[in-house]
Amino acid sequence: MVSLIVFIPLLTAFFLLTLNKNAGELIRRTAFGASLLTFFISLGLFTGFDSETAAFQFVERYAWIREFRIEYSVGVDGISLFLVLLTTFLSPLVILSTWSSVKHRVREYLFFFLILETGMIGTFVAVDVFLFYVFWEVMLIPMYFLIGVWGGERRIYAALKFLLYTMVGSLLMLVAILYLASLHHTQYGTLTFDLLRLYTLEIPVNAQMWLFAAFALSFAIKVPLFPFHTWLPDAHVEAPTGGSVILAGVLLKMGTYGFLRFALPLFPDAAHAAAPLIMALSVVGIVYGALVALVQPDMKKLIAYSSVSHLGFVMLGLFAFNIQGVEGALYQMLGHGLSTGALFLLVGVVYERRHTRLISEYGGLWKQLPLFASVFLITMLSSIGLPGLNGFVGEFLILLGTFQANTLVGAVAVSGVVLGAVYMLRLYQRVVFGPLMQPENANLTDLSRRELAIFVPLIALMLLMGLYPKPFLSRMEKSVEATLARIHKEAAPSTHAMADLTRSRPVLSESVTSE
Amino acid sequence: MVPISYHLILSGILFTIGVTGVLLRRNIIIIFMAIELMLNAVNLSFVALARHFGNMDGQIIVFFVMSVAAAEVAVGLAIILLVFRGRETVNADELNLMRW
Amino acid sequence: MDFVTFFALAIPLVVIAIMVIAHPSPVYSALFLVLTLFLLAVYFLFLDAHVVAALQIIVYAGAIMVLFLFVIMLLNLQSDTQPTPRHGLGRAAIIGGVILVAELGLLLQRSSSEQAESSLPENFGTVEALGSQLFTTYLLPFEITGILLLVAVVGAVVLAKR
Amino acid sequence: MDMTLPAVNWLSVLPTLLLSATGMLALFWDIWIKDDERSLLGWLSLTGIAVTALCSWLLWGQNDVVSFSGMFALDAYALFFNLVFCLVAGLTVLMSLSYLETAEIRHGEYYALILFATVGMTVMAAATDLIFIFLGLETMSIAVYVLAGIWRQHLTSHEAALKYFLLGAFASGFLLYGIALIYGATGSVQLGPIAEHVGTQGSSPLLLLGMGLLIVGFGFKVAAVPFHVWTPDVYQGSPTTVTAFMAVGVKAAAFAAFARIFLHTLGAVHADWQGILWVVAALTMTVGNVTALVQHNIKRMLAYSSIAHAGYLLVAMVAGSDVGGAALLYYLVAYGLMNLGAFGVMVAVGRRGEPHEELDDYAGLGFRYPALGMAMTVFMLSLTGVPPLVGFTGKFYIFSAAVQAGYLWLAVIGALNSVVSAYYYIRVVVNMYMREGGAIVELPSLRSALGVAILIAAIGTVLMGVFPSASMSLAGASFLSLG
Amino acid sequence: MEHPHAAEVAVQTVSYLRYIVLFPLLGVVFNLFLGPRYGRRVVNWVSPGMIFLSFCFAFAAFVQLPDGGALVDSVYPWIYSGALQVDMALRVDPLSGTMIMVITGVGFLIHVYSVGYMAHDEDVVRYFAYLNLFTTAMLLLVLGDNILLLFVGWEGVGLCSYLLIGFWYTDDEKASAGKKAFIVNRIGDAGFLLGLFLLFWSLGAHGVWTLSFSEIAAHASVLPVTTVTLICLLFFVGAAGKSAQIPLYVWLPDAMAGPTPVSALIHAATMVTAGIYLIARMHFLYSLSPTALAVVAVVGAVTALFAATIALVQTDIKKVLAYSTVSQLGYMFLGLGVGAYAAGVFHVMTHAFFKALLFLGAGSVIHGMSEEQDIRKMGGLKSKMPTTYGTFAIGCLAIAGFPFLSGFFSKDLILEHAFGSPHGSLLLWLIGTLGAGLTAFYMFRLFFVTFWGENRSDPEVAQRIHESPQVMTVPLVVLAILSLIGGYFTLPELLSPLYGHAHPHVSLLVKYLPTLLGLGGIGLAYRLYVQAPPFAPGRGGADRLSRQFSGLYQLLLNKYYVDEFYEAAIVRPLLAASEWLWKVWDTLVIDGLVNGTAQVIQANGSVLRFWQTGNVQTYALSFCCGAILILGYYLW
């Protein structure tokens, strides 16, 4: 089933190439159908998921490169499950948005997009580190094309920057992966790229530092963690709508996913050592991203910097090393995917009508576009973490977790909650409220049915995730616990022992008086 | 008897003279001749070593080297002719259509 | 080969070799090269390489150098081409040469083996010895040399024909 | 007179023999063939190459047949390289069929020279005697010198031939001197005895000197820094197909001999040469990639790229061991496929009198000629090392070998270099897909043979990348056959 | 023990509390999806109707409330993450029971009133959607069984406040006022969250993993006092934000930009009291920390006086009421701060009645005056708007603490405690009492200037002055009645299971001085504004005073320049810093480094290419150098 989800988009992509490039409607429908099919199949993962175990589920494994004992092995656990779902959920919506946002070279656009989808899903489901790396890199290229061909004015610069920046990190990570495999060779006599086996390695602390640095650099660039973020505004601004949505919605999560899946459990000592630094960078990123977002004249750039801020929260949650923080981070990853994806789609809506992203070109849109304004409102609220919407649960859990791990950082991070409201409300006010200043805006049309079809699922999910997070959290729990156990170098947790462990860990004061 | 190292050092000196010639002269024909000098210096080593080891390998190698030198000269002079026809010069300094 | 012979041959060899690369006229350079090759042939004789010495004169000094002179005449190159500024290349060449020879000398000096020369087989350096080796052990290389020369011939024709 | 002919195992020289025969046949047929049928010579050569490849394939498993008094080894290593050379020569011939027309190069000698050069390569891969290796190298080199200058109407081609020839001869001198000194150090020029001597006696100053000079000589052929300087000029000036042949074939052959001598024969004293190669490899990667950044002529850029790739290959050499050797072999195939493909696309883009070698000529190509654009994209990405293409798998193999051998920093330098290289490879893609217009005029429809060549390269690039296992095990087994 | 643990009370599980919240939510859903289709007529019925249904359930719950006990409705598990287990659970006890009665009751009246007030606004559907959403959130806030759920409502009401303040979004100033409210509230929320975290982990350190009020109450005593103080202060930051206390009060006066019924409901009767509710809810913690209580009391008292002084000179009818609200909220905090939780909550209720009444009355005036809000342009309305006049008078009397009206009981109770409770002091009492006098003065200033004297409006406006329709006046009357009798709802008795009984015994002077001062204030207002009307031609006493003390007058008129101070000290530096971070730090430094690295590499390429001179001999030299280096390596 997992392989099906991974490869349906790829096969469809190549099928698209056989179609006449002028048959736009057919091409779009085919792509949409395929991505929708992928989504429905991936729903099976959700329903069939056993939330009582931390193990990988729906596992498929075949020998691939025997010389290196590399396997094609895929599966999902509570950590990757929702990221896969997020990807399969956003993809059809993005394809739906291409009807109006992509006018030329549709076939190629969708070709690259579907390959991108395969790359993203593959990255999340890969259990073999080599396979992970392959998908990780594969995904770069279509994204690069999406930005470079269908992007804005400075698209080439942005695309190249995106590509090179990401590659710097990932190639160093490749070396680190190789080192891990060869370490396994030294310790157990065989090479392996199987993540679960690599988890069992005894890595000297000194080596851990370097390896962690290599992995962390790669992931930090992707996240992007301050100060590695400068590719993001450029890429976001220049990317076409669909590209921005996927970039913000899914690609950034690969960095945080990478931390959670690889960097932290593989190198627990290094992770602990680096935690203060990374938490500091994250919290700087939160405040910094928010402040810089505050003064952006370009909507997409504003959202891009807001992503820097939001992902700072996610990183904080991860490095809190407690269940609330990590679950919150995971939840925030999903939440951010939805809300920021929706924000970019919204910008796309007005961009298609007005061909400008400058905030100053808008104002007073509510009058003309009430539906748009309402959707925008909910999305914005979700983005600033209003309770009842998805953003809150994640942000709350992250801050709760962070507060325990590092009170000072937690306290500073809370200011991000305030600043988040400041820039988003400012944006909203300047776009939607106020008098309708620009005469060009007087004739704008409200959301079409198709556009509504994009946003309704998004908003429904935002509400669902805000009001009833249990189905999500419960599926994450075991996997997160298992990962945390690795980070804390504890024996694999039994079902209930973990909760007790969490409970008995000292919190604020050293003196713990148990009841 | 002269130790083998004398022969080898002489060979080295001749080889270096050849190398220096390649670097020094502007006329590509002379450069080419300097290369021939290098090959001959090597031949000297081979012959001396053959004598030293008392096996014929060294001498046979010199035989092959001569064949190679002959082939190189044939082709090399043809190339020099070709270049001269096109450019009317055999000055190495002027043969830099392609650079950087 | 005793020391007297060695130095009697080596010193002129070096001097003449320097003349090859130092004389401004290509024709003289070529003639000095011929001289070098002759001296080497003599040197080979003293090293019991009779056949090689003969080949050196016939093939090298005879055939190859004639070809050189022929081309020099054909191109009508009387002296080294008009002087162009050398940008220190010449100095670099000489410095490089000195360093290289110093390094070679030092390394070769270190390798002066004390082991005595092996006793020579009876027919060492004769046509017979060379021939029998050439057609037994070195049979395949010998054949390949044929192809090598064929390539050279074809190549020369391809390039030089008008 | 007492003369016993050595054991003659014709099977062992069969591939070499077949190629030589085809070459001569082509040479002679050229005398009679009509002008407008000259492309038949190409097909003849292709047939010969195919038969050679087939025969090499069939000979697989006849391991350790050393014949001609230990001069020539028909081990899997040699057969593997035979296959590589046949692939290179075959693709070159396929590309040349149309290229010779557009570039107005005579057919007859061209194919013969390609075949003879290939003969030289097979000798280099199979010879187990230094002097025989030298002969193979000279056979190959002289043929390629001529090929470089065969574009008679282009002054750049003359100059390329001259530079290549002069420096090649110069380098041969060093190589030969190295052989002489190794002969002096070990008393033999046969690899077996040398290995034995080195294994028991260790290194001596004379051996070190010889090794150093050999590195200089081979460094020239594989275009390693600082012996790489000729590469850009020669590659740029030569006819494109010859450039492809040089970039891949010559380099592969040089590495075949280089690796056989150093990894196997001189393996016992690897500590004495690894340090030098380490520095050379790092320099080669860096200089190649960094200089390629500023090139605007794609051919010249690919030349620098080939220098950089020589650097990666040297990393495999440095790593040594079985994994390193296997990685070297594997990467040579990978490098060959993608580079030949890239040159194939260049051939396709060029027209009579307009070679179209500048970066700007590729503007908008991708959407106008989707197949060609896609192929070029695949090659460029593969050269960059993007999975799942063969360039990535190859680099993975090499870096893996380096890491396992403990050369972590070399792997890191290689990784960073890959990033730098991404910039200039991707720039080609940028031009093809993200820029419009350019000076390009309409292409003639893709000529079939050339198309097939590009297709083969592209399919190979993808398939070997996605399913590398078979070729990896082949490379591994081949290297292990050195013993 | 004065304050028994809440956990000891009888808890009864029921399943209808959810409907109290659900009905308003249904109203929201209806308005959103069907409202536009059915239009004003239906919405006018549905929205208040839903609140009424909610009121019915709330009433049922209130009645069913077991003596001193609580009702709990656990709807579904909400956030479960490790030790954090939060349910979507609702709880009615005397405190929240009172609150929901006030919210649904007053809310219903204001909904009804809005039908009339918004009769001419085209966006009425959106208005009612927001208003219903607000009620939902407010109910969730008070019904929430745990702090997190309370926070949901807390943020929800903040959102609705934002939306409703900016309801007339085309006016940039109004939209900005909404934004300001939201952001200032968020600052408070940050404190709230920090308090929550600290509480959660501090209790967790003792093995108690909960956010539920009853359990926190049961285990609060395990916490060290300093931690409790810190928690309380952090929560108080949140409360100060929501309930407009110094220094976070600045949003409330601006919030008057919203429609007047909104001001009545949200910015007077309900939402702004959420902070008081929070502290009353968490009283068991505050009781553990005298420091925290003292801070609350002082901030409350100072705010009460501070806002009252500003209200003295304002000329916008709603601004006066707004500052009055801030001031009254200060009283409530004063009450809480001296440990008189019941008195504080009591004042919440009575304040809800009379302040809602005053705002609705003001709305009625504004409605009748064609949206005029400046009292200097009013006057003499008593004859033209008799019902409004009458009810407004009752409201003014109530807030001024006129004997036996609702404000008299609750405010006096607070002041008595301020003097007599263990946490009280003379100073607090004095400040409160002084404030009471000022309150009476400015309220009657407002009253006299608006309703008495000559009409000073433009003639065309004057022609159209009319009494509001019945749909608006009936709620006024009901609220007026409540303001009259509200003091007799013995709320402190009802709340005694939570807060116990406490009757400080104070001297008669202390008991009656505030009342006397209040009466004095009324008299002074009469003297200054009726006997010497300042806005009429000829200029009266107040005007002269303002000229005599023009410095003070300007200071008050400009609200102590606090907004300007915030603008200069926080907003502008923040924007400037952001601009600098973006343009200098981000673009030049960080991105400069990134691009610089690329450029350096490229520059290296530009240099390295000169290695390829094109000259074959330099190539050979390069060779030689390589050879020399390699041989040198071996030599070395």
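The letters A, B, C, D and E name the chains in turn, as written, and every chain counts its residues from 1.
In this text, contacts are C-beta pairs under 8 Å (C-beta built on N, C-alpha and C of every residue); 3 or more make two chains touch, one makes a residue touch a chain.
None of the values given here were measured: they were computed from a predicted structure.
Set side by side, C-D and B-E show the greater C-beta contact count at C-D. Among the remaining chains, the Cα-based centre furthest from that of chain D is the centre of E. When each chain is reduced to the mean of its CA atoms, the one lying nearest the mean of all protein CA atoms is A. In this assembly, the C-alpha centroid of chain C lies 102 Å from the C-alpha centroid of chain E.
Centre-to-centre, using mean CA coordinates, chain B is 26 Å away from chain D. If you average the Cα atoms of chain D and of chain E, the two centres end up 78 Å apart. Averaged Cα coordinates give chain B a centre that lies 6 Å from the centre of chain C.
Annotation for chain A: residues 164 touch two or more other chains.
Residue positions of chain E touching 2 or more other chains, listed in rising order: 598, 609, 612, 614-618, 620-621, 624-625, 627, 631, 634. Across the assembly, chain B contributes 4, 8, 15, 18-19, 22-23, 26, 28, 31-32, 52-53, 55, 57, 60, 64, 68, 71-72, 75, 78-80, 82, 93, 95-99 as residues in contact with two or more other chains. Under the contact rule defined at the top, the touching pairs of chains are A-D, A-E, B-C, B-D, B-E, C-D, C-E, D-E.
Of all residues in chain D, those touching chain B in their complex are 131, 134-135, 138, 142, 145-146, 149, 152, 155-156, 158-163, 165-166, 169-170, 172-173, 176-177, 179-181, 183-184, 187-189, 232-233, 236-237, 300. Contact residues of chain E toward chain D in the complex are 598, 601-602, 604-606, 608-609, 611-612, 614, 616, 618-620, 622-623, 625-627, 630-631, 633-634.
Looking at the complex, you find that chain A touches chain D at residues 63-68, 105, 108, 130, 133-134, 137-138, 140-141, 144-145, 148-149, 155-156, 159-160, 163-164, 167-168, 171-172, 174-175, 178-179, 181-182, 185. Listed in rising order, the residues of chain B touching chain E in the complex are 19, 22-23, 26, 28, 31, 92-93, 95-100. Residues 76-84, 148, 151-152, 154-156, 159, 162, 166, 169-172, 175-176, 179, 182-183, 186-187, 189-190, 193-194, 196-198, 200-202, 204-209, 227, 574-575, 577-579, 581-582, 586, 590-591, 594, 598 of chain E touch chain A in their complex.
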